Amino acid sequence: MSRLNVELPGLKLKNPIMPASGCFGFGREYSQLYDLNLLGAIMIKATTVETRFGNPTPRVAETHAGMLNAIGLQNPGLDKVISEELPWLSQYDVPIIANVAGSVEEEYVEVARKISQSPNVHALELNISCPNVKTGGIAFGTIPEVAKQLTRKVKEVSEVPVYVKLSPNITNIVEMAKAVEAGGADGLSMINTLVGMKIDIKTGKPILANRTGGLSGPAIKPIAIRMIYEVSQVTNLPIIGMGGIQSAEDVIEFFYAGASAVAVGTANFVDPFVCPSIIEQLPELLEKLGFDHISECTGRSWKQNGQLAYHRS
Amino acid sequence: MITKEMCQIVSHKEIAADIFKLTVEAEFVGQIKAPGQFVHIRVTNGWDPLLRRPISISSFDKKKNQLTMIYRREGKGTQLLSHLDTGKVVDILGPLGNGFPVGEVDKGQIALLVGGGIGVPPLYELSKQLTEKGVIVKHVLGFQSESHVFYKKEFSNYGETIVTTVDGSYGVKGLVTDVIKNLSFDCIFTCGPTPMLRAIKQEYSNKKVFLSLEERMGCGIGACFACVCKTGNDPLGNSYKKICSDGPVFRAEEVLI
Amino acid sequence: MSRLNVELPGLKLKNPIMPASGCFGFGREYSQLYDLNLLGAIMIKATTVETRFGNPTPRVAETHAGMLNAIGLQNPGLDKVISEELPWLSQYDVPIIANVAGSVEEEYVEVARKISQSPNVHALELNISCPNVKTGGIAFGTIPEVAKQLTRKVKEVSEVPVYVKLSPNITNIVEMAKAVEAGGADGLSMINTLVGMKIDIKTGKPILANRTGGLSGPAIKPIAIRMIYEVSQVTNLPIIGMGGIQSAEDVIEFFYAGASAVAVGTANFVDPFVCPSIIEQLPELLEKLGFDHISECTGRSWKQNGQLAYHRS
Amino acid sequence: MITKEMCQIVSHKEIAADIFKLTVEAEFVGQIKAPGQFVHIRVTNGWDPLLRRPISISSFDKKKNQLTMIYRREGKGTQLLSHLDTGKVVDILGPLGNGFPVGEVDKGQIALLVGGGIGVPPLYELSKQLTEKGVIVKHVLGFQSESHVFYKKEFSNYGETIVTTVDGSYGVKGLVTDVIKNLSFDCIFTCGPTPMLRAIKQEYSNKKVFLSLEERMGCGIGACFACVCKTGNDPLGNSYKKICSDGPVFRAEEVLI
């Protein structure tokens, strides 16, 4: 009996562990290191209508227990993702969650409509929260009404369930979550990176060519946990949690906070085998903690002791 | 095949001011394809510093399964690395990237190897392999000052070796580019600071030039798009190369630097 | 010649290094370790009208390169601070910055009015951003209009310049800074902590009795740097920067971002001598970097190379 | 005087399952005032883990300037600590807090020392000092199971020593409180998990009881208000004690637990 299989809208997962968008490309590189079939799902790199080169380099900077990135949504563009990357990924028995980005509403809608028709795309992750692009991106992620509207438009055209990826760079995460729920979101994915900066002590200038970048890694975990804790109590949407996960214990902490699945981003760079190791270690940890199934952990930090775990899908 | 391996340290010593030579045992040495490939080192079991550090493979011994790296102690990561004693293990991901194409120069031709500072190490294995092949090698190695000079003797074993220092405290005073002008050669292999690479690329656009580039990295294997550079001859400006997986060595005309 | 003396509204500092509010009590404990006269200034623990016990324990939890705290503004109350703590501190030749807190506007106003009359209080730090109290605190810190109003009211009664301490838990830090500037603030102090949570893997419950707490330490430094970088370019207010400072290099980074002085919080717990060591190391570092005076560093990350440093006071 | 000192490790070994005994040399040993004081240890030069770890002084030797701590390897910090070899240095802040008041019990009286798990160590120096003074000491030490038991022999040198284990694998099966019922004594000194302290406090409100409390700490010196507890007999509920600087040892009636 598996302790790890979970069901979320559009997603039947053998386990709830997936690489986070932007930290795993389209899977080709990591496929040289291990069998991608081990993964619960794969969140692929953000896709935009056109090919994008992204920001100038340097694009990454290290911080304490974290890193900043300002890739700027570099990607081969919608057509190439559909004609080359997704077919290549279809050799694996792993559901793909396509990260959808754009500068204007129409662009999101076009990417969502087309990419959701790919047979191995089982869900969309609506990236309304990328801090590294000049237009769009974060604006959609900070004004609830705008986010709701965008969610609705994307839902109208998408063939698969839509998870909205929330930005932590806002005053009121709960209000935002409720807005996208009202807009028809099927789930949430949280959190994206926090906007940060690092300045080179020698040059006096920001290390990133883009100046600011998105902070990820263990440093931001407490913020992710708090936000998931708050949001999971007031919406009915399942949450794919992320932000600094690096171990099986971290996965449990995210579930306790209210997540129903998790994504691992930055930790892939530190240990490229981190996803399969977590998947391997989870059953034993669950056993030790006395759970028959990982879904029992969801929301445990705020549920009454007696209250039973429930599957949300 | 890229492997992540806990590698035992065979020897580790400071060979010049803040310059360390680190030799480890690694199964993946068998997988090394060319001089100029690199590895990605995790310097701690913890999460601060978080990222791995890219360091070139300076030489290797397939029989002993050993590889040697030479690095400069700079910031937090290399500081920590420098404290690891012989016998300890270090987490290394490698071999990564594509190295110098030894096949591009023929027996009897003259290859000029130009290194600047911490760009010198990967040229050492290259020099060895070119020499074994019968290529005539010349070296121009640039350093800040006398205390930073390393491997002059080692390179001299394979061919003429000119050292320059910025302050003139050792060898020729000036930049490597000043010296190269007066040398004859068929082909250049170079690694070092970007301004140096740029100067060489511009000056010798008529020759075969291979550059080894550096960039700040995330994954080191081509997945995160941190380390891209634009390609030459691209009117749209959209095409790119990943330094970690397409490079770090490129033909000069392939890349915009 | 000192490279370190700086002038800010109300504050003539021998150096720009001061312990941050809440991390140094009222100085008594650290005075057993070193001479407080070494410090540029001292930001004392938040003072409210009444004695407060604060939150139940546990009140702190460790995170990666950071910590969470939920002290809950425990303090002996306005009268005792004025009659016992400030007179005790007056034996030192160090300006005191009094951190003013409350649940309602009237309370802030009362504390500000009375405490600003103490002879060794040279400035107030208006704490509109404490994430650990149920009423007030963070609400004042998240709505620009409310913050502006409060600033104005406090300014009306304060005998000394007022620095408003900004919360990083907001969408738009620039808007908030401009609002308090319009309200008459003399300076800014930023950043306070980010709201976070840590869950105990064994119990499944949040470690902090208060559940959420404020994240401080090196983990948040990139966020502080980014916010100071943004705010310093669009207001005329001097900024006392804080958030993860632990070394002389960090101080320079904050100045480059736009700070004119800095406060050190969490690092005092790691190394109780951190403030005097930084003060000792700074002149040498400035020498190495080629600065005659630390004020030349302010805003260097965004000023044109030619542009001269200026004193803002 | 509280001092921060880089202390050299004189010896460091595992004396029971995950229980380590660490002896260091420290100038500040001369400043220790009473058994039951503690130190605050920085387990890394880096910033992850960030905070110091509070550990009791288990015994000390003023002539040799040495102090011994006994700690359980639990989480990240004590894991790291446990890897430090003899000869290395460790950053310690101490001595902190106020210890057990040896003066509160007279020669010829009987003192009962009750320790639970990792609350046992600070009682050791106490037992020694009480014994030297002519107080009769009895010990009740509770552990999880046989593999966790430590210092039974050492305590036996000073007086009767009863060990309890939860699973009965060693000594008396059960909790320390079950055993105490049958003993006679004038005064209790105790350190261990809060439920144990609470039970003792309630049961023996008619006796002199001294408790050593634990709480998560920030500064360790009284400045941050992390480690407070409420005091007894306080109708307003505003008064408090700081465990780090007012404690960790309190008279039972002083504190609410």
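Per-chain numbering from 1; labels A, B, C and D assigned in written order.
As a working rule, a contact is a pair of C-beta atoms (placed from the backbone, for glycine too) under 8 Å apart; a residue touches a chain by one contact, two chains touch by 3 or more.
On a predicted model such as this, the values are computed, not experimentally measured, just so you know.
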item	value
Common touching chains of chain D and chain A	B, C
Set of chains adjacent to chain B and to chain D	A, C
Distance between chain centroids, defined by C-alpha means - chain A, chain B (Å)	36
Averaged-CA centre spacing for the pair chain C and chain A, given as whole angstrom	34
Centre-to-centre distance between chain C and chain B (centres being mean Cα positions), rounded to whole Å	46
Multi-chain contact residues (two or more partners), chain D	47-48
Touching two or more other chains - residues of chain C	63-66, 217-218
Pairwise touch network: line, ring, star, complete, or other	complete
Chain C contact footprint on chain D (complex, rising order)	1-2, 4, 42, 47-52, 93, 215-230, 237-240, 245
Residues of chain A touching chain D in the complex	64-65, 218
Residues on chain D engaged by chain A in the complex (per definition of touch)	47-48
Touching residues (chain side chain A, partner chain C) in the complex	63-66, 68, 142, 169-172, 194-199, 201-202, 204-206, 211-212, 215, 217-223, 225-226, 229, 244, 249, 252-253, 256-257, 289, 297, 300-301
Footprint of chain D on chain C - complex, ascending	22-25, 28-30, 32-33, 45, 51-54, 57-67, 69, 71, 74, 207, 217-218, 246, 266, 268-273
